[in-house]
Amino acid sequence: MEGGSRIGPGLAAEPNGGLTAGFAPEPGFYDELFEAPGRPRPHAAALVEALERMGPDRLRAAGERRDAIFVQQGITFDATGADDDNPVVDRPFPLDLIPRIIPAGEWTRIKRGLAQRLRALNRFIEDVYHDREIVQDGVVPWELIVTRPAFERAAHRIRPPGGVWCHVSGCDLVRGADGGWKVLEDNVRTPSGISYVLENRIAMTRLLPELFAGYRVRPVNDYPQVLLAALRAVAPAVNPTVVVWTPGPANSAYFEHAFLARQMGVELVEASDLVVHDATCYMRTTDGLAQVDAIYRRLDDAFIDPLAFRPDSLLGVPGLMRCYRTGNVALANAVGTGVADDKAVYHYVPEMIRYYLAEEPILENVKTYMLDDPEQREYVFDNIERLVVKPTGESGGKGVFIGPTATEEQHQAQIDLVKIAPERWIAQETVALSTVPTVSADGTLAPRHVDLRPFAVFGDDIKIVPCGLSRVALREGSMIVNSSQGGGSKDTWILEGDGTGDGFEPVHDVYNPPTMPGMRQAGWAEQQRQQQQERGR
Amino acid sequence: MLARIGHDLYWLGRHMVRAEHTARMLDGLFHSDLQGRPEDPESVTLSWDSMLVIMGVDVPEGVERGSAQRSDVAARLTLDRDTPSSILSCVAAAREGARTLRDTISAEMWEAINTFHLDLQRRDLSTGVRTGPYSIYSYVKERCGLFWGLTSRTMLKDGARAFLIAGGRIESADMVLRMLRVALPPIVEGREDEAPRRDGNALALLHAVGGFQAFMRSAATPPNAEPVARFLIFERGFPDSVAASAESLHDSLVRGDAAWRDSPPILRLARLTADLEFRARAGREALIPAFRLFQHELELVDSEIDERYFSGVAPSAAA
Amino acid sequence: MRFAIQYRCAYGYEQAVSDQHNAVRVQPAETPTQRVDSYELTVTPRARQFNYRDYFGTEVSEFNVWESHDRLLIEARARVTTSVPAPPPETGFDPLAVPDYRDRVEEYLVRDGSGGRVDELARELSAESPLELVRSVCELIPSRFEYRQGVTYVGSTVDDLFDAGAGVCQDFVHLGLILLRRHGVAARYVSGYLFAADADGGEDSVEVDTHAWLEALLPGAGPDGGYGWVGADPTNRRLTGEQHVKIGHGRHYADVPPVKGVYRGAPSSELDVNVRMTKLGG
C-alpha cells in the first residue's frame, strides 16, 4: 500500500475480471458511475480504477471489518420487518462500500434549489399560522390546509424565536432516467439520518482509504457545529443553554439523538429531566434547576405537551407550549411544521416558490395527482398500474403502494381503500430512480436504486452541509429505499471540483515519525494515510 | 449534570458495593459457620436468620424463626432474581444503569460491568452456592475490585465521578454496619441473649472485609470481638471502616456540589464525622451508642442527598 | 339582559399533588350580541396567569402550581350584557353547496365516521330550509334521548349516547353537530353559561352547570345578508337567546373545555364545580 498519486486521466483501468468488469447499467435507468458497461463517467474514472486495483477479496474483507465495527459501536437503525412478530434485532446497518459521487457543479444546483425550496416552505408555514395570505390570494385552498392532520391549531399566531420554523430539514431528491434531479418529498418535522452520514464517512476513511485517492471530497464533520450554531442563533438568550430532547433509548433513532448531543457537547434530555415553572423551561441538574433556552426536539408535535396535545403522552412536558408561546424557549423544529410536510401540500410547493419568492423553482417536483379531485382520481384509477399511491400523512415509506409491481387484485384493493377517504391520498408517476453500483449478495457489483437526502440547517441563515444520506434499495429491482423498510446507505461524496482531477495532486505529504525504541517504522504507514484523510480537505 | 445522570451514577456505585459486600458477608459467615462449635448449633443458625432480616429480605413462609438453612439464605442472597438485594440482581441493576451512562463512564468500566453481568447470568450458580460458594464470592470480589480500579484509573475526576464514589461509600458504610449486626450483635447492639463470645465470628468478618493485616498493624490488641468492632467502626486508616466511608462520602459530595457549604447532607456528615472522632477516644461503653448514631444519621444523609441532588427523579427499583 | 356570573371549580386531592398545569376557558366572549363588562380570575394557591386567545378565538388562561398542594380553587367572576339575536331568515339549501361555503368552514363540516344508527336518525330529518333543519335537530334529539347525568362522561362518544339512550348537553350537541354536518350545514360546538330560569318572573339567581349548545352557519344570517352563525340549543329545544352567555366554540368539546389540566401525583381527586348566575336589574 504505497502513497497515493493516481494514474493520470485517459488511462482506463484494465478490466481484469475484477470488480467492475461484469457491471452493466440497467437499460432505461441512469447509472451514476457508469455510462455504459466498462465506461465509467468522467468523474468516476478514478474510483473505478481504485476498485479494480483493490479487487473483490479486499472488498469482502473490508465488508467484514465494517460489520464488526458497527456492531461494536452499537450503530443500528431498527427495521420494521415484514411481520410484526419479529422482535427488533441489532444488526449491522447496511453501509454499502461503493460510494456515490456528486461533482461540484451538480451540487451547486442542488444546494440552490433546496435553499430556495426551504425559504418558500418557511414562509408558507409562517403564513398558514398567521395571516394566510396565500389562501386569501387563492393559491392554496384553506380546505386542504385545515384538514391536514399535522396542522396544529396550538401554533396559531405564535412567532418562534428567531423567526425560523424549519431549523432542520431533509428533502428527498431523486434522479430520473434523463439524469435530472427532482424533489420527491419534503421532510420538515424531525428528519433523521444525519448520524449515518457522519458515521459512514468515518467508516469509509478507515476501511477503504485508497478509494479516496485522486479526489478532493468535501468534509462533512462540521454538521454538528453548524447545527449547534443555528440552535444558539435562534435561542432567546445571550449565552443560551441548548439541549437535545429524545423520547428515550427505546426509540429507533436514539443512537442519532445521543450522537448529535455528544458531538455538539450538549445535554441529552428525556421528558423527566425537563420541568416548566410558570412559562420557563428548566432541566433538573444536581445543582438545582437550570434554564433551557433552545431544544432540538426529536418528538412529533402531538407528544410534546400533555396539556396542549395528547393528554396521554408520557413523553411530554406539561406547560412547554406555554413557554414556547411566551417566547422563552426555542423549539427546533417549530411546532406545526408538519403542515408543510404533507404529501398533498407538496404539490403546491412550486407555486409557493413563485408566490413568496417571485422566482421559478430550480428543482422540480415529481408529477403528483391529488386524489380528492374527482377528475384526477378517475385518471389515477384508470392508470393505477403505472403509478405510485401514497398516504399524505405518513412518513418512512409506510403505506406506499407501487402500481407497477402489484397484481390486479391488489390494484382493486388499493382503489377501494382510496375511495374511503380520498383526501388522504395522492398518486405520483413512478420515477425511474437512478442507480449506483452496489455490492450484491454474491459479492459482485450490481446496479441498485438510490435517492438522496441532503440536510439543511436554518439558523440565522440557510446552510446546506456538503453531504447527504444516499439510501439504496438493496433488493434487486426494488425502489423502496427507506432504512426502516430494509434499505441501506452509501457514503456520498460531494467533490470540490468536477472529479476529473485537472492536474496531479499528491494526496499526502510524506511524514517520518521519530523512531521509538523497539518500534518499527513500517507500522506507521497505514495510520499516516488515514490521519491525512480525516484532516479535512 | 442532569439530576437523572447523577442519580444513576450514585446508584451504580451503590449496586456494585452492595454486590461486593454481600459476597463478603456471606463468605465470612460461611467461614465462621464451618468453624462453629458443634455443641452450640443455636449460635450459628440464629445468624443466618438475622442475615435475611438485616438484608431486608422476607423470611420464607412456613419457616420458623431460627431455622433458616444456610443454603437457602445463601441462595436467596446470591442468585435469586426476585430478591432485589441479591448479588445477581445488584449486578443486573448496575449494568442496566451503566447502559445509560456510557458517555460518562469509560468504555473499560462499561466492559467490566457488562462482562461481569453476562458471566453471572451464564454460570450455574445454584450448584456452586450449595457446595463451594467460595469461588463465586471470590469472583464477585475480583470483578468489583476491577471496576473500582478502572474507575480510579480511567474516569475523569469530575462531579460525575464524585456521585459514583459517593454512592459506593454510603453503601459501604451501610453494609459494614449490617455486617456487624449479623456477626457481632452483642457487641454492637448489646443483645445479651446471644452467646457472649463471638471471637470466631469477629475473625471471620475481619478476613471477609480483607482487613486482617490492617488490623494487626494498627491495633495493639488481639482480634477479639470488641476490638474488631471498634476497628471497623472508628479506624479512619482502614478504607472500608464506617468512619472512613463517611469521611470519603463527605469529600465526594463536596466535589460534586458547587454550593457545598449550604448542603444539608454535607453539613450533617461533617458533624457526624467530628462527633465520632470524639467518641472514638471514649471508652468501650461508647461503642453501642456510636453504632446507633451512625445508623440513624446515615439514613438521614441518604434521604437528604436524594432531595438535594436528585429530587423529582423516580427512585431506583432496588432502593 | 345583564348577568353576574360566578364560576367556581374546586379540586380536592387525597394525597398532595404538585407540578400542576391548567388551561382554563371560562371567560365570556365578546360577540355582536354579548358584551363583557368585567372579568376576573383568581386561583388558590396563588399562581401567575398567562392569557392568550386560541385558534378558535376563545380567551384562555393558563397557570402553574408547582409546590405541593392538596386543593385547587379556580374562581371566575364576570359581568356581561346580552342582547337578543336577530331572527335568522329562511333560505334554500343552495347557498350551502357553493364551494366558498365549504372552503371557509371545512373544519366544521368534516364528516364523522359514525355508523348506522346516526345515518338512520339523519334520514329522519327533512326540512325545507337550513334553518328548519336546525330547529328539527333541536326537537329530534331531546325527544329521542333523555337528559340524565352520570351515564356518560367527558370522553363519551355518540355511540355511548345511543347505547345509554341518555346523556347530557355535551352529548346532545355532539350528535346535533354530526346530523347537521351530514346535511351539509357547517356547525360548531359552543361552551357557555345558560341562565336556566324563567326570564320573566322566577328567581333572579340560579345555580347552573356550564352548558353546551351549537352554532350553525346559515345563509342570510350574517350582518350584510351573508353567512352568519346561528345559535341553537338541542337540550332545550330552541334557538339561543339572551339567556345564553357564550364562552367559546370549537369542533367539539375537546377544543373548548372549561378546565383542562395535568399534575404530578396520584390520580384520585374530587371535583366540585358550580356556577351562579344572577340577573341584574337595568
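The chains carry the letters A, B and C, assigned in the order they are written, with residues numbered from 1 in each.
The definition used in the following text is that a contact is a pair of C-beta atoms (placed from the backbone, for glycine too) under 8 Å apart; a residue touches a chain by one contact, two chains touch by 3 or more.
A quick note: this is a predicted structure, and the numbers were derived from the prediction, not measured.
S.K.: Can you name the chain that lies farthest from subunit C, using the mean of each chain's Cα atoms as its centre?
M.R.: It is B whose centre lies farthest from that of subunit C.
S.K.: Quick one: most central chain, C-alpha centroids?
M.R.: Most central by this criterion: A.
S.K.: Counting only Cα atoms for the centres, state how far subunit A is from subunit C in Å.
M.R.: Centres of subunit A and subunit C (C-alpha means) sit 46 Å apart.
S.K.: Centroid of subunit A to centroid of subunit B, CA atoms only: how many Å?
M.R.: Measuring from centre to centre gives 51 Å for this pair.
S.K.: So what's the Cα centroid distance for subunit B and subunit C, whole Å?
M.R.: Computed from C-alpha means, the inter-chain centre distance equals 63 Å.
S.K.: Multi-chain contacts only, two chains or more: what residues does subunit A have there?
M.R.: 275
S.K.: Show me the residue ranges of subunit C that touch subunit A in the complex, using the header's touch definition.
M.R.: It is residues 19, 21-23, 48, 50, 52-56, 62, 64, 66, 102-104, 106-107, 110, 255, 260-262 of subunit C that touch subunit A.
S.K.: Applying the document's contact rule, which stretches of subunit A touch subunit B when the two form their complex?
M.R.: Contacts found on subunit A: 249, 258, 262, 267-270, 272-273, 275, 283-287.
S.K.: Help me check something: in the complex, which residues belonging to subunit A touch subunit C?
M.R.: Residue positions touching the partner: 141-143, 146-147, 153-154, 156-157, 275-279, 306-308, 311, 318-319, 322, 325-326.
S.K.: Could you list, by residue number, the parts of subunit B that touch subunit A in their complex?
M.R.: Those residues of subunit B that touch subunit A are 1-4, 6, 99-100, 103, 159, 163, 256-259, 309-314.
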